[in-house]
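What follows is chain A paired twice: with chain B in the first complex and chain C in the second.
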Partner chain A sequence: MRTYLHAEWTKVRTLAGTGRLLLTIIVLTVAASATASALVSCTAEGCGHDPGRIGLFGVQVGQAVVAVLAVLAVTGEYGTGMIRLTLAAMPRRTGVLAAKAAVLTGLTLAAGGVAVPVSLLVSRRVLLGNGFPPDPLDPTGGPLLRAAVGSVLYLALVALLSLGVATAVRDSATAVGVVLGLLYLFPALILVVSDEDWQRFLWKVSPTNAGLAVQATTRLADLPLTPWAGLGVLAAWTAAALLGGGLLLRIRDA
Partner chain B sequence: MRATIEVSGLRKRFGPTVALDGMSFTVRPGRVTGFVGPNGAGKSTTMRVILGLDAADEGHALIGGRPYRALRSPLRHVGALLDAGALQPGRTARDHLLWLARSQGLPAGRVDEVLERVGLESAARRRAGGFSLGMRQRLGIAAALLGDPPVLLLDEPVNGLDPEGIVWMRGLLRSLAGEGRAVLVSSHLMGELEGTADHLVVVGRGRVIADTGVADLIAAASRDRVTLRTAARAAAASALDRAGAAVAATGQDALVVSGLPPERVVAVLNADGVPFSEVAAYRVTLEQAYLDLTGDAVEYRGAAR
Partner chain C sequence: MSAGSGEFGRLLRAEWTKFRTVRGWVAAMAAGALVTVLLGLLSASGSHASCGAGPVETACPPHPVGPGGEAVTDKFFFVHRSLTGNGGITVRLTSLTGQIRKPDATPGVRNVVPGVVPWAKTGVMVKAGTRQGAPYAAVMMTGAHGVRMQHGFTHDVAGRPGGVSKGSPRWLRLTRSGDTLTGYESADGARWTRIGAATLAGLPRTVRIGMFATSPGDLTVTRADLGGSVAAERFTEATGEFDRIAVEGDAPGGWRDDDIGVTLGPDGSPHHPGRAARSGGALSVTGTGDIAPTVEGPAVEDPLGGAPAGLLPVIVVAVAFVTAEYRHGLIRTTLLAGPRRGRTLLAKAFALGLAAFAAALPAVAVAFTAGGRILRANGNVLLSAPPSTQVRVVVGTAVLFALAAVLALALGALLWRGVAAVVTAAVVIVVPHVVATTSVLPDGAARWLLRVTPAAGFSVQQSIPEYPHVLGHYTPIAGFYPLPPLAGLAVLAGHTALVLGLAILRLRRRDA
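The block that comes next holds the complex of A and B.
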């Protein structure tokens, strides 16, 4: 396993695109969070806004780039045929997928570990300037810290979900399409559907809506699921995608 | 580990197409075995099955007695070149070999050694995406040699090489076999293997048509025929015909005689006073011997023939 990890890490490290994508994740996430924060303001009576969701809004944008990074880790090899060299050199296919997953998780945690705290810091300055009360913006306060840690984990889970889908479909365009569809279809559907029970149901099974519950810091009782249970929904999608992709990788001809 | 490839009874279908239909042969150490057959005969599929990339419906393929997927650090046992274009263009030649080396627990120094052996040391830090097909073939050979394996499996390695590259490749294949390795080289052009292969596995329609030494194959296809050069073609033909030989004209003053040994041909012609300038054993080219063998097995024949 150590040699598999070393090989996959070397692959990622020696492609110029990796660094650019990681930088894009950070820049987009921070920029979108800052923009969202600049667009809300509070009145003297109080604030209806959730500082966690606003300060970490960029995660919803950055996740698209995370998905691309993860998809390319697999389909970049299928597109060129290099996957045959990979599987000839490393015949334990589950091991190859596990090594790719580990390297990708590390990269995403690193990018998220920068993007999320920076987003919160920038957002805090902007919100304070907009007249936000300082208390809920305390980054060491329980809910906001949970939102931050949860958002980093959310991005890692999105990466692994994308890896599983890409392993199953083996084509860049299809894989990116399927993953972005999964991520952005449910929120759009919930807006369209008028029936409240259906809305709640869609929310509970949506990797994005349920997953991002981990960012909530106010009115937690109104959520259909608790923040961590919501992240669990995304984790279930991820597990299913990895399991399906891994199974197909094992049984299919390369 | 024994340096062998043993393929036995491989069968595989892709939908309605039978790709392998009982493919069986053994590749032995110390010689270059040519793996020849028309396009679609199952050469590449067989190689993918040997490397554990494709699963056969039936039969098995063993490297030194073990299935490929059971090998730890497989590139130390088998080096393979399947498709020279199969690399990510953004990576340098050296980095391409570096990740492969890491996957086998090989030191980075090994990368520089193989780059030098294939003559790519000056291009090591250039992106492989900008390489010519010939340079990619050399990089693919470098990857195959990385683990210093006793068994090599090369799919159409001469494809895309310039004349100088072809000479280099032939020398390399000979020297690899000379070092005691088992070398399997596929080609759809027999001429490419002339002077390189010691042994041939000729395939068609997913199975082995002939598994024979190159010298034996040429001798068998030549069938003890005799070429005769004479200005008196008609007289020679009738004299030899009366002596019980089959005669075919192959040129203005040339005949091919079968059914009589060279000494008898000379005796018959002398007895009848027919003049001739040359009598020699007839040798077909490797290409001709191969075409005789695969005549039935060519799947896609041009309509004009």
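The block that comes next holds the complex of A and C.
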């Protein structure tokens, strides 16, 4: 397994795009969080906004780049035919997928581990400037800490979900289309559908809506699922995608 | 020339065969169509409406329809008599006043202040009958836009600006000659200025002629958090005071008062009734409502909300259609068979555009008609639009699919990288529309996005135009785009042509 990990790490490390994509994840996440925080205004009655969701809004933008990073890690090999060499050198296909997953998780956790705390720090300043009360913005407070940790995990799960999908479909354009569709269509769908039962159902099965429940710090009782259960929905999607991708990788010719 | 077009035909057939024989592409294109239909029907079936009269839920009354086929508001107080044949009315208007309900300062206490809203109107009118939506022409004084002549709900001509008072009254005159109505105004009743004329085709020989007053709700727009805006409308009424009233022509009988289109409360009594009062030769008319096209409410294009989602699979197919050629090396064969590279790429784009159009048109038509039917069955009263507008919405949306597909293909040919092309296409076509219409951005930024990005093409779906003489909440969230429908589509076409041109240049210059 160590050799497998070493091989995958070397491949990812020496690709020109990897560093740029990781930097893009951080920059986009922080910039979008700061912009969202700047658009919030507070009235005398209160702010009505969840500091966790606003301060970490950029995760919804950064996840697209995470998906691209993960998709390219697989489809790049199919595009160039490198996959045949990889599988010849490392015949245990599940092992290859596991090594890719481990390396990708490490990279995403690292990028998310920078992007999420920086987003919170930057948006905290912006929100305080907009008249947000300082108490709920305390980063060591329980809910906000959970939101931060959960957001980093969320990004890692999105990466693994994309990895599974890309392994299954093997074409970069299709894989990115499927992943972006999964991530962004559910929220759009919930906006389009006006029936409340349908909305709640879609919310509960949506990888994005349910997954990002982990960012909620206020009015938790109104959520259809608890924050961690919401992240569990995304984890289920990820598990299904990895399982499907892994099975297809085992039974198919490369 | 004929040889050239024959060659293009051959290339087109080759590209069409390539597209048709890859099962996944055909399936994804069909998926795009299916997503559009299903989302449309889903959103329609989840949308219910009923109108309450107190605790009782009743079906919402349909909107009156104006002479042009559009939904209209036709609610005003009318003091009128019959006029047979040619004739006219001349009045002196000495004041326009009113009251506006503002947000309650102390909760529970009605906060009513004197004043008139910009499009409060009072003046003289000739109308085919007292039925709501019947053709009319009117010369009027408005709250802030001076004297106007309006007819057929959608037409508005400006007269002299300024206000009205006892010290400087405004004389108004409206004459009928056949189907032509001409409006005049004067400051002294002696020297008259013609404002404009209107031809009301098929006006009956006997019409109603008289004085009216009405006042649209006070529109307050507040900025919502996270961008966007929220509009609220509050009750207002306007009062016009007339004297020196003179009717020319065959106008037998006396004056009749009618509160046209008044709504009834739960107990059957009129809600916010208008009124008329007489003293000597003077008449005061008070009304609330509007005489204008309706711009708020569910529109016929509402079931097409699934189109942005349906575009995603189409974008993926379009990109794959060109990047797959590079990946499999098929591009070398393609360029060998069609050595004029620009032409070959054009044929590819054309074939894909046709395929996207052919997949989208039936899907959009089904979502539009079936979705509309479901919405109506659920009690929603859709703002009616003329048939030509409905055709434009449906066909235009299919063209939007075709252009978006070609743009995505051109991006694929330009960037050569599937991921980059799919992401770029989604980010420039779908994302701006989603963020601009879901109250994420401030209105100004949303309008700007829908003006310059390829998402401008979505404006082809707007069925209710923006009227300068109707104060409305004209924002992307409410379904109003900053560009006219075809101009928006032209912006998308421009982007598509530009990127396709760049892709052709790149294809010519580089080895494949």
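FYI, the second predicted complex is superposed on the first by the 254 of 254 C-alpha atoms of A that agree within 3 Å, B and C clash if a C-alpha of one lies under 4 Å from a C-alpha of the other, contacts with A are read in each partner's own complex, and residues count from 1 in each chain.
Just so it is clear, a contact is a pair of C-beta atoms (placed from the backbone, for glycine too) under 8 Å apart; a residue touches a chain by one contact, two chains touch by 3 or more.
Note that the structure is predicted; figures quoted are calculated from it, not measured.
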Task = State whether A:171 touches chain B only (first), chain C only (second), both chains, or neither.
result = second
Query = Where does A:130 make contact in the superposed view: on chain B (first), on chain C (second), on both, or on neither?
reply = neither
Message = Tell me the contact category for A:16 with respect to chain B and chain C: first, second, both or neither.
response = first
Inquiry  = Quick one: is A:71 in contact with chain B, with chain C, with both, or with neither? Answer first, second, both or neither.
reply    = second
Request  = Using the superposition on chain A described above, determine whether A:226 touches chain B (first), chain C (second), both, or neither.
outcome  = neither
Task = Once the structures are superposed on A, label A:195 by its partner contacts, choosing first (chain B), second (chain C), both or neither.
result = second
Key: Contacts of A:39 with chain B and chain C, given as first, second, both or neither   = second
Inquiry  = Which partner chains sit in contact with A:89 here, chain B, chain C, both or neither? Use first/second/both/neither.
reply    = first
Query = Where on chain A does chain C make contact in their complex?
reply = 36, 39-41, 47-49, 64, 68, 71-72, 75, 79, 171-178, 180-181, 184-185, 188-189, 191-195, 198
Ask   = Once bound in the complex, which stretches of chain A touch chain B?
value = 3-4, 6-11, 14-17, 76-77, 80-82, 84-92, 253-254
Message = Can you tell me which positions in chain B touch chain A when the two form their complex?
response = 48, 51-55, 68-69, 71, 73-75, 80, 82-83, 85-92, 95, 98-100, 102-105, 143
Message = List the residues on chain C that touch chain A in their complex, please.
response = 24, 28, 39, 42-43, 45-47, 223, 225-227, 305-306, 308-309, 312-313, 315-316, 319-320, 323-324, 327, 412, 417-419, 421-423, 426, 434, 438, 441-442
